[in-house]
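The letters A, B and C name the chains in turn, as written, and every chain counts its residues from 1.
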């Protein structure tokens, strides 16, 4: 488990991470989502003790990274696949990492085999393609058979086969009960890989909860209805629906949230209301994500997450003007 | 012309040339200020108040200029921008000549500031006719820094193109210029004769730098011939570098 | 600590620079000794003559030692290093130790190699190791190289960039230490207390100086220690 509380990092005047608190649970793949430059890598470096937080604290299974004994046996990480000496062979790169944590040499060949690099283990890492470098980075992360794994944009630049391989790999690691924390700027990728999400924008927490909730919320759709009997329809809908999340006027039309277009059509038919237009407006995941993260300054973030992340809870970070998420 | 503009922008839009250029000027001129404030005829009877004597610390600037020129091309190899360079200008000879021209101009300017700057600060602190630029030798030792710095820049650039690696190029240049040439003179019998044909020794003879109590009589060449010799070596090294860059994969 | 030393040993020897540095340092020092011995005339060849190339080896060793740390910064493997062992001081001390031991070995092989080569070419009784000064000139070189390597690792850690570190490490001993002599009155005193000038009095007893040979070495080591402590403090504090 990874717990961050009030994590903050300033580089000179730039605030890279701003009072960030989140937890990453074990046995699940947790996606760390945010646009480029949102502070994901900085946060990950702070988790690993590479960068020192300006304030706040982050712990792994209750301990600071600095206090872990032979940390590679607890935490494995792939932050940047190019962090290797180009003239060192893949095997030698893993050998020195293994030596640093007293990991037996046999384990080096084991992880090379696991990521499918046995054939090129003696080749210099500088000549590796991006995909091969990523595999070497994953091998390094797995070396100490760690309970906690961090991956920073692991699918960046990979071909579809490589992406699929990594995705399956993460699920396997989580199924083995490990904590898997993986960052990405691609929501669609995270929707397929992760079970939980931590979403940040401009260094601040925007959302923490399950992917399902996020997707449901983010893709929340509205229906645009035009009718000469709008007032009657509105009353009926109000009387009808506990599910309805919003009814707003949009010129001569109504924008209705939380109800499927079919239900509105049936309600109108049952009450002899003429409909001129019944138009479902579906927002895309990407759009929602951009809107949520694009201008985070305007959003209030909740610093501490309550125990359960119900529908009301995970809205903490959503915009004040509700419904704007689904702009046609 | 566009190649020159491109190379100028490339060189001056990174930080290392500015740092190196600043150090190449501040170190020798600053040192000269320190010297000039300390030295006077009573406490340094052996000190000759001549324009040549004001150039005693220019070698410090020349060493830094070597680093600057080598970095101008090795950092291109390091960051892979040399590929973009050759992509934008497939005529590699033209591109590298443009780079050489920009480096030469920059190092010549630094040489001018170091040469005249050192002389000027010394003269400001020790006014007297001894420090006036009168003879051809006076002018050679001060204004000559322009030519020596420019050629040093081109030579170092050539080594940088040949070696391609920053650490290797800088180490070779500095160890060679600051140590090997001097060490060769230590070899009994033949050492002195070999040393008389060393490139940086040649540059120093052009400037007329006193090399301690060493016997500098009966040298094979005169000052301008020594400069031509230094220039010829520079051309050979830079030419070899450009030739190699054209032949090999970027 | 043994784990860390083993790690740093693997790291150092799985790159190419220590290998070619070693070859270059040995080749040039021993080759130079051969050149001097072959051309020598006028008076007997002495132990001192065989060690004329020693400074060349020292410069190569300092470049190698600086690269051992600056390449870690350049390729960001320093992050992998600190990730594997978050105790930065311990890691850097282990690295310094490994590099210093290699430097010492290079120094001993270079010195004895040069001495034997010169002796084989033109060996007289003056080539025997008799006095303490003779032994310091040859066997002492390993110590000088080792301490020089510590200085280089410290400078490399402080500067983090290969070009900058190498420039400082070469321009300082080869140029700056000599240029200070130009300063009237105090120049000679300053020169005498410059670290690389000071340590040359340890291996070469013919150079006069304010303190004895062993004190000179101790002074050189003191400078190295100060730089190393500064480097460790800075590395502990800044982001990797």
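Keep this in mind: a contact is a pair of C-beta atoms (placed from the backbone, for glycine too) under 8 Å apart; a residue touches a chain by one contact, two chains touch by 3 or more.
Since the structure is predicted, the reported quantities are computational estimates derived from the model, not experimental observations.
Undergrad: If you average the Cα atoms per chain, which one ends up farthest from chain A?
TA: Using the mean of the C-alpha atoms as each chain's centre, the farthest one from chain A is B.
Undergrad: Measuring from CA centroids, which chain ends up nearest the centre of the complete protein set?
TA: Most central by this criterion: C.
Undergrad: If you average the CA atoms of chain A and of chain B, how many Å lie between those two points?
TA: Using C-alpha averages as centres, the distance is 55 Å.
Undergrad: Find the geometric centre of each of chain A and chain C from their Cα atoms only, then give the gap between the two centres in Å, rounded to an integer.
TA: 51
Undergrad: Between chain B and chain C, tell me the centre distance in angstrom, where each centre is the average of that chain's C-alpha atoms.
TA: About 27 Å separates the centre of chain B from that of chain C.
Undergrad: Could you pull out the residues of chain C that touch at least 2 other chains?
TA: 71
Undergrad: Over in the complex, which chain A residues touch chain C? Could you list them?
TA: 45, 48-52, 65-66, 68, 71-72, 75, 77, 79-80, 82-89, 92-93, 95-97, 99-102, 140
Undergrad: Flag every residue of chain C that touches chain B in the complex, lowest number first.
TA: Where chain C meets chain B, its residues are 17, 32, 35-36, 39-42, 52-53, 55-56, 59-60, 63, 67, 70-71, 162-163, 166-167, 170-171, 174-176, 179, 182-186.
Undergrad: If we count contacts the way the header does, which residues on chain B are in touch with chain C in the complex?
TA: Chain B reaches chain C through residues 16, 31, 34-35, 38-40, 43-44, 47, 56-57, 59-60, 63-64, 67, 70-71, 74, 166-167, 170-171, 174-175, 178-180, 183, 186-191.
Undergrad: Please output the residues of chain C touching chain A within their complex, sorted ascending.
TA: Going through chain C, the ones touching chain A are 3-4, 6-7, 10-11, 14-16, 71-72, 75-77, 79-87, 237, 239-240.
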